[in-house]
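Each structure below is given as structure tokens.
Next come two complexes built around chain A: one with chain B, the other with chain C.
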Partner chain A sequence: MRSSVVRLDRLSKEYNRTVAVDDVSLTIEPGHLIALLGPSGCGKTTCLRMIAGLIRPTSGDVFVNDERVTDIPVHRRNVGMLFQSYALFPHLTVEENIAFGLDVRGIAKAEAAKKVASALSLVQLSNFGKRYPAQLSGGQQQRVALGRALVIEPAMLLLDEPLGALDKGLRESMQVELRALQRRLGLTTIMVTHDQDEALTMADKIVVMRDGKLEQVGSPTEIYQRPTSKFVAKFIGASNLFEGHVEQRSGGGALIRVSPELSLEVDEMPASATDAMISIRPESIIVERAGENAAPPQVNSVAARVDQAIYRGFVSHYYLKTSGGEQIIVFEQNQSQQAGLRYTVGEEVVARWGSPSNHVIARH
Partner chain B sequence: MTTSDDAVAVLGVETPPVARQGSRWRLALPVGLLAVPMLAFLTYFFFYPAIRLLFSSILTQNSLGIIGRPFTLAHYARLIDVELYARVLWTTLRISAITSVLATVLAYPVALVMVKSRPIVTRSITLIVIAPLIVSVVVRGYGWQLVLQNGPKGMLNWILMTLHIVNEPLSILYTETAVVIGSLHVFFPMMVLPLASALGKIDPNLEDAARTLGAPWWKVFLRVTLPLSMPGFVAGFTLVFSLTAGSFVIPAILGGASAVMLGNLIEQQIFVVYDWPFGAAIAVVLVGLVLAVNGVSMWLLEGRRLRRAD
Partner chain C sequence: MDERFSGFGAFILYTITAGMMIFILAPLLLVMAASVSDTYFVTFPPQGFTLKWYAKVLQDRDFLEAMRLSILLALGTTVGSLLFGVPAAFALVRGNFFGLAAIKGFLLSPLIFPALVTGLALLQILTKLGSQDARVNLLIGHIVVTSPYVIRTVVTSLQLVDENLEDAARTLGASRLLTFWRVTLPQIASGVAAGGLFAFMVSFDNYPVTMWLANSEYSPVPLVLMRQLVNVFDPSVPAMSTIIILMAMVGVLLLEKLVGLRRALAA
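== the complex of A and B ==
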């Protein structure tokens, strides 16, 4: 299979003066899997459909391998697409479904049969060729859809919430499987999802969208560790967000005063800023019993009371309340030998964390 | 006859044990009882006459007009042997088939537009399609008579000649064409509505999937939309065919002498010639025809369902 470069150049789509996609420019490297991630109505599906050719952009262009495809109709674009509803043809058998793309291209029966057989084995459904879609489970149906999309040797694979209709366990194993297959084939893939876990699990690059615009583009690590906006910080994983003002500068860093009892030390602070928004991930906070450490540190630390404690198997969630009324969420990994929650509701604790965990958010 | 047996079976439904527990007997009344009044009505006013009709088609009418034994199949033989009657049978089949095919061809685009449009457009088209049903068939028949009037004064001829599309007036009225046009108008909703309902049930993603797989619009239609709309097509075709085959008013008003259909023949035999046994035989053939078309279409639909669920 070929690996294509897909480039979106100032792509926009308006419906009756409401802007669904607003000036999106993006390059997808060959063989990469990128995830368009965002809440419903953020324009991610419209974006995907414009790449497929199912929707005509109001302005802007789509390039595949530097060739402008904006005016090429969908049936000549050679894209493989997966839908949330699987979109299998109910009146055709699994084999006939997979052969559909070959048939409409006029590929000879014998050659098509060979390709169908290899596609069936690729998606591990060799014994299911004669069945009808209604006789298969959801996971099997999506595999058929995958086989049907891959058999035409598409220039790219487009996934529209492909695993959204599956239950959690199956969805997670399909994510890993789909990703492994995509890597092996080196197929440029664009996926639409509202599930941050799915994006983090599968994507080389995550594109967070909001109100039709790109909010942040980066690797899963970048997106998770260094969100550039409050929206991304809250949308991807959980975040403790604090607003404060610069109290003191030292080198590139600064001391941020959030409240009388909480000040944060950041290692890097834009020179001009006087106010700052800081995000701290719940898993980077350490909780200790009050009085356990003789002298709690002056910065990156606050005394609090356990407001809620939730046991979730491998992790426990603690919702802490400071005396100033701020809420702090802490995720603590549970060791295998441990019985359960380490702190009970109402207990006085101290939360502390290292200054590298303080991430300054540029836009808020 | 099986139907009246069924009716008896329903009437004789045994009360389930729960009903005998006293206080709850009202709730436990078999639901089948609700159908009793209508079944009684149908038994007396439909099944009984229908069976009488079936019987009289194999009885003999003597010179005094009294119908009785011996049993005979002579009426059926006459229907096939006498060229005139065979021709009427053939005309009926032909008009019904042409009407159904034309209705299908015309209804598909309308149904597609209904399904693919915004709700307001869909509702308007539905209204336009259904509107003619409000007007009596007789009134519509005479309306078409005015439109199709032979000679230069007829509305259609006048328009065609004014626009210089034809130079001589067309003779459409009192031909099969007129009957087909009239039937098409009367029974069009029966094709559009089932078709639209079937098309509406198709997941729009299927068509998108077919397009991404390389199918141009016409292949999408032929390979995905058309086969998946088959239930609607079969229902519509059966309805239009059956209704056209059994129609009486439209051929009577628009067909004249040259497009007599089975319905008109029955009317002649019963009310003009007073040959009840022969009229009954024609009626039985007509009912048989309609049942055959229904049976075949049901078989087609069942076949599809079996193939899918297997």
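== the complex of A and C ==
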């Protein structure tokens, strides 16, 4: 199995004047797994299907290893694809399903049988060859689909919400398993998902899409820690977003006034900006009981009242309300010795955080 | 469904079902009974018992000739309407083109438009085109009348097929044609079989269109039957009818054996 470079060059797709995919350019490094992430209707599936060759782009091109494949029909592109519905052929056994791609390629029976057997063992279903898809669980069916896609030694693997129909627990273990296998084979993989956890768990690179356009491309860490837009900040994980104006500058940083009781200190601030949007992740905020700390700091801190408190096992969620009416979400990891929630609804608290947690969002 | 009906609801349901069955089957049984009557006219209840009318019918050259023509015509119609109807159904379900709804309505139209009008229109067109051969005209006419049945059953079964199956097959290296043959067709086989059976049966006992397109040389069974009915209404008419009923039953049983009729019609 070889690793391919996949390149999208100004790819667009229009349906009856509505633009599904709008001028998308992207390079996928060999052996990487990238996740196209976004809400439904953002064009991620259309993008994937254009890469597969199932949809013809209105304009733009797809390159695989610098070869233009835009005009090559899907059945000669040699792509392995997984679907949310598994798409196993119900009238064929597991073995026959996996052999399908070899069969249509005219590979001799004996050689095909060998490949099918090794594919079956790769997906750990060696004893299931004679069964029909309907006799398998969802997870097993998707393994068969994976074996069927891998046995043709595809140039790339395309995953269309592959684990979307599975239970949470199984989905998470399949994510890890699929990722390990993909790494081991070094197979260039493009995955479509609307599940941010899945994207964060599996991808080398996340491509956030919105309204057919690329919103942000980056590693999971970059996407999570340094979202470039309000949309990404809200779509990936939870975020506290504050808008304010630059009150004072010092070096490269600045002091941002959000409200009379809240000002934020940022370490880096674009020189020209007078207004700013700041994102603070809920887990970077520390909550203290009011009066616990003699003098609460003047910046990156605000007095608030606990509005809602939710115990979620290893973490507690607190929804705080400031006197100015702003809501602040805080995630606090629970200690094993701890007896439930540390703060109760109605309690007066102080929320504070360090200035590195204040992330300036470039685009509102 | 695992749950069975029970109690009063079941009683009502079974009664209505039984009533419907009697309503549908009684005329057929009546015809069958009349065919063994040892009289020179059709009577019910039958008097005596004889198979001589069958003997007469099976020696009747007009009837045997008509049977041969009707069977060949029905077979040709079945093949023709499948060749036309299956791709049409495919286009209607998988396609996405301007006027799809209108074309769908049009292709299913002989189910709405009276067959009598269709037959007359066909006669006029075929005459204008100079098509003289009654056999060809009948075949064309019957394909026109039966294709909607094929399209309808295939459309319904095709709608149940996960389109991703076809996408998966194509990514695995199968061309569109091979995908249809290896993946789609096995999924819709029951619908195709049901459509084919409908086409055969509808062609076999079609009167209103046949009436316009047949001539004295080539008369299918329904015309011969009708002619006989008008001339001498003796028990040979119910005998002919019984033979046709038995043929239909054999066809239905065959389909049940091959693909499972309940599955075929459920599709």
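Assume the second predicted complex is superposed on the first by the 364 of 364 C-alpha atoms of A that agree within 3 Å, B and C clash if a C-alpha of one lies under 4 Å from a C-alpha of the other, contacts with A are read in each partner's own complex, and residues count from 1 in each chain.
The rule we apply is simple: contacts are C-beta pairs under 8 Å (C-beta built on N, C-alpha and C of every residue); 3 or more make two chains touch, one makes a residue touch a chain.
This one's a predicted model, so the numbers in the text were calculated from it and none came from an experiment.
Overlay on chain A: chain B and chain C clash in the combined arrangement.
When both complexes are overlaid on chain A, the residue A:134 reaches chain B alone and has no touch with chain C. When the two structures are aligned on the shared chain, A:346 is found in touch with neither chain B nor chain C. When the shared chain is aligned, chain B and chain C each come close enough to touch A:89.
Taken together, the two structures place residues 52-54, 73-81, 83, 85, 87-91, 100-101, 104-105, 145, 148-149, 152, 158 of chain A in contact with chain B in one case and with chain C in the other. Here chain A touches chain B in the complex through residues 52-54, 73-81, 83, 85, 87-91, 100-101, 103-105, 132, 134-135, 145, 148-149, 152, 158, going by the rule given at the top.
Within the complex, the chain A residues that touch chain C are 52-54, 73-81, 83, 85, 87-91, 100-101, 104-105, 145, 148-149, 152, 158. Of all residues in chain B, only 203, 205-206, 208-216, 219, 223-224, 227-228, 304, 307-310 touch chain A in the complex they form. Note for the complex: chain C touches chain A at residues 162, 164-165, 167-176, 178-179, 182-183, 186-187.
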